[in-house]
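Shared between the two complexes below is subunit A, which pairs with subunit B and subunit C, respectively.
Right after this comes the complex of A and B.
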């Protein structure tokens, strides 16, 4: 009778393209009986499925996957006469032949307890890996396999590795085999896996190896112990190195934003001596204009939504520069000879802008679409990942630096601006239109603040209060760097950014601010003119 | 003699209750070096400030070529109308190169009658040659010696080929040799279409270069004429030159 059934199954499985004639025939009813039994039997059945899967034919693999899937999903029904399962589509089929059938009256759905589930699910995942067609399905399966590594799955995963073609999936399978090989009862396999892991240092590999220390083999086998300890300390060294790199990288990205926020301020403060407390709000407006551009793209050009960040660059600059220019000609120019008044006036403007945005947009953080070109990053070494969003900020700051340098050093406007900074009276007396230069400088400074707001959209929170966070740091940087020097602003921004990132993990963000502030106060006691004073400025 | 370059009439500048200039009248002719001398506080620098628009007058008028009323213009418009002024304290742009300093002296190429970048470059080179700083053109102005800064500032105001050139103590703090060179430079700058106003305390230098001298005292004209006659005038000897 069984042989006839098998023949039917074989016929049924011809749809599956390849014949399984060469393989050992699978004892499906026995397996099903085990899976329908008590917990220990279920476990034994699942385990034998896992062992058989390494060599089973494609048809059997499909069957195993279908049955285990049904078991986990509670679609299996164990009757006294026949075992049936309900396919995900809803059809009831015979669990052994997968031919249409009706559910037995005495059908009982076996329920997996937690422990069995922990064993069966990774096995099902491993089967998914073998029978799955889609890369995402396979990657999902690998995650499940690695979550609870079972040495018995090693053979299945190794089989999947042999037939896999997609390089990304292959890489993932490779790392899964290492995870499983670590648990392998074969010490040689374990040693190879340990060596492999130590060549790819990451927190993941460190955790995997550290877990092995608690196993009995660690103390029993001296050679194994030495190999494991060596690998762990090697990974730890690499991780320490990669953490340093990651800290520097994060510091650089913070420094980039700070530089962009501060460079506009440096121009305005250096040129006109105006302490513009609204600078942080111009930065905030830059971020909000970016948001509006994104929404406009979503409404009008949804297909090009990913490019809103690039398209926003000229728009943000123009809008914030215009606001800055309007601010200068309506308000600030009346207070040039009264620094305290200009400070209060710009503070009022800052409060006005914050509340205007609060009323219009609300106080919640804005949601930004992360464009595909800013998602993810590349792993360089260990845990050091060059993330594209931070690289964008750094690159953007470099471009800003280059552009500002070009304007200040290579154009007539820049020459005139520097002349007005150095000696306003003399500049006026040789016919430089100081009023016009003031207005343009204010526009440039405001535009740069807007661009800083744009650059931080993919990294930091955007809300009406964000400007306040940056204004303090920006002023510290301008004063620290020395008023009116681009290089000073750059060096000070990098310094403040790095020190902030360095101190933050150990003592917290508030303490980092306080420590940086104290350091700057002490530094300015020693060098009141800042890092890079303009030559001959002080007389 | 044609229209005077600058005509000052009844000019009064008041700081609080102090009258720095008190109904001063003065005419400066083209083609001449007109020196203003007098004791400290006589109002020499105040007069330059008033002409260049840095200080507002409280009465009287200043006209350029008998046409433009300068007391109503701001300093930029005055500068662009062809009046340039060198300050008493060397006011070069110290963080900029010598060349950039000179370039700043030509804020509007069209106004200076120059077309194209090459014409501007030529003017810059020519100016550097005249003031003798051609070899220092790449250096920062702040690195120059005091005398060179004085010349550089003359170069800045000269670059736009001004109609009226006002020099406030161009030889203060210079060595004898530098003073000598400056004198030669000043005589070179004399031009029929240019009036030069010189404020200076060095009487020998004034005698060497000035065509005409006005002695100021307490905001009023005390004497006007040649330096030789000024030295003989009893009033001038009394308040300024000493016996």
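Right after this comes the complex of A and C.
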């Protein structure tokens, strides 16, 4: 009697368990408890989410995406009584029901360690692929899944392929599944994957393909061998090409920075022979003015904050040019006939400015908002990435070059400046106000230094010391290019930038610096006037 | 326009120069009876200013606390500060001045190993004491230096072990990137020998150095990307650049789109202050290891953080009230350890204080009871591994059970 009853109960339980397995109900509280636990539990919870996602209903998918997103983004709060999460919009909801709630007092935010993060992020990406609202979100998610292919995710990708409606995304998922079939037992599927990979050349693809050479099919199947070898050599060619492009880009990027730092000095040093050691500090002030403009935008026009960098251009130029002009009329003009004194005076000004900024702003690095148009970069071909902040610097350097060239060659001011450079006394004799030209030239040079500081904000640290980084390099470029020529400065910057970048991978950054300096010294021994000397009467 | 005469200009310039030189001159305060002087060698200008500058204030805060409790041996502590201006030989010069002219009872200072190495002969010759608050490369054991922070065996090696374990990322390949001076070179030498003993082949290690103050990391990050994509297993970067090279490196790392889950960076000199000015959201997950992290729980840390915040606001200190970094705590520990040793010795004489080190212990804000033995001048500290979070700080993801016994000389040298 009792045994029969027990058997009946056992049978009932079994049936119950089976039916629940068939419906796959999502046990939300258990899953949340796991995600709130220690690292192994988080991993287990994330894995079971990934397994459930291949079959779960849409409401459950949305829920899983919301919870994992909150976990990665640290918006989950695990209390003893309830788990809550903060939606990206800011409202606190119960993590199980997504109904509005208040955060538990005992709530603590779980921390993902690297291993869990490495597992959870691809799963979240796979979920985004299923429930994402936007094609770009989905494509980005697909790339993340492709980068870390896990077996459990393949089922999700297949499901996404079935339900996807957007033809562009569907095509991308299709080709991704083909690529992910690289490890499939079917050599034909593998061959398709190999072709796909060779169409996206990168060191990563190359590594994946090189691993395939140990497959049995490589020696057994001639067509397979040919496909693999062909793909590998094609990737290698593309990589060689992308390396050349990357080197040129890196060189141009360094050259643009050197050029901008040097161009103001080229005018001041070239035209007036003033060894302005405060040039680096004018650059630093340019960066600080940019910061102030950003803060002003944050306070007054928060909606347009991303455009502060563009809006700061005229302001930075005006402010630094004014400071330059004030410096010239109050101090430097008294030392025109004594270069040694002007060197000391500008050095004192530089120390003064550094300490002034240090006292006013502190020594820490300033925090800049990176505008959306300068964030990250784009892979062009192979391993060659164009980063927007450096492209901005290159573009900005070109604009500066164009603007300076225009002023020097096409305006009366430029004509007068060149006349004074060639022969100050004669220029004075024909009625050019040389003192006034000096002042304007100094203002122009200072303004250009300020603009360099602006362009460097998204690339380097902004702190009171930043100017000292550039002063030696700037003089090096100006002297190498030939004092007083814009073309010389440009060519010298490009030359030093490219040579640096060429030497660096082979001999290291320390040796690169030494070799470049030695080359410059030897070159100046041979041609003391620099690359392009201004032809004129010796003074 | 008012024409300035030459004399006027000269006078102004002399004034300006003197004004600028002021910080370099020792800031003496009136010598009161019943005080004992302690000297600080931390720069408040130059590349190390942002990091070292705050340590001067922590030393003063610790001294104020001890003075409030009645001082040491009935005397109040007076902190003497100076500015070595991040110029390594100047540390030695100012250190000598402090020992000989100011007659300080002990020196507290240096951040980079190169500055410590320059002060070392000075304290040995004068038989002074230098408390050094940074974790460093080890392989040094002078009776005149108290190594308040950890040698590699109790900081770097546990962190590397964590990265190589399955709990970490099962790291198999290592890209070492450092500034070109003694600390990174020695650390990397020891790490290479350590990995070799673990059966990691030479081909899985890359070593690159950059000049101090280097900022253009584009080519190097390219190389790291390439290294990461090559076969052989999970790559990690062991970063030993210092000063402004740290944020510059991370900025380029973010822009080239590398995430911590692709290539984690173990930044050995990265403190919260280095993350100021960076958007740390794309950096979440990168690691660091120290003997103290601000996130540690416990009453000692809560008290320290509260005291620092109060000190910063009441004394108008030009640093953030809510940021505490390991060297700050180590400096705080150092002053307290010295005070304990002097009280135990009953004297401020260096030989007496040295003898008293054995057996003293102090409740460090990190939550560990740190202690010294008669074996060497090292302090046994706890170990924390932290992971960068989005708030420019670190989350603790691992910490040691107790304070491992410090091993001054690495067997992997």
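To be clear about the criterion, the second predicted complex is superposed on the first by the 331 of 539 C-alpha atoms of A that agree within 3 Å, B and C clash if a C-alpha of one lies under 4 Å from a C-alpha of the other, contacts with A are read in each partner's own complex, and residues count from 1 in each chain.
Note that in this section contacts are C-beta pairs under 8 Å (C-beta built on N, C-alpha and C of every residue); 3 or more make two chains touch, one makes a residue touch a chain.
The shown structure was predicted, so the numbers you read here are calculated from the model rather than taken from an experiment.
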Under the stated touch criterion, which partner chain does A:430 make contact with: subunit B (first), subunit C (second), both, or neither? first
Touching A:370 in the superposition: subunit B (first), subunit C (second), both, neither? second
For A:181, is the partner it touches subunit B (first), subunit C (second), both, or none of the two (neither)? neither
Could you let me know whether more residues of subunit A are touched by subunit B or by subunit C? C
With both complexes superposed on chain A, which partner does A:111 reach: first (subunit B), second (subunit C), both or neither? second
Taking the superposition as given, does A:418 touch the first partner, subunit B, the second, subunit C, both, or neither? first
Go through subunit A and flag every residue that touches subunit B in one model and subunit C in the other. none
Subunit C partner, complex, touching residues on subunit A are 39, 74, 111-115, 117-118, 121, 147-148, 202-204, 206-207, 210-211, 246, 250, 253-254, 257, 329, 331, 334, 344-345, 348, 351-352, 354-355, 358, 362-368, 370, 375-377, 383, 385, 387-390, 459-463, 465, 469, 501, 504-505, 508-510, 513
Contact residues on subunit C for subunit A in the complex? 1, 4, 6, 9, 13, 16-17, 20, 44-47, 49-50, 53, 166-169, 180, 208-211, 213-216, 218-220, 222-223, 225-226, 229-231, 244, 247-248, 251-252, 254-257, 260-262, 264, 273, 276-279, 284-285, 287, 318-320, 387, 389-390, 395, 397
In the complex of these two chains, what residues of subunit B are touching subunit A? 52, 54, 74-76, 79-80, 84-85, 87, 91-96, 100, 103-105, 107-108, 111, 140-143, 156-157, 160
Within their complex, state which residues of subunit A touch subunit B. 415-416, 418-419, 422-423, 425-435, 534-537
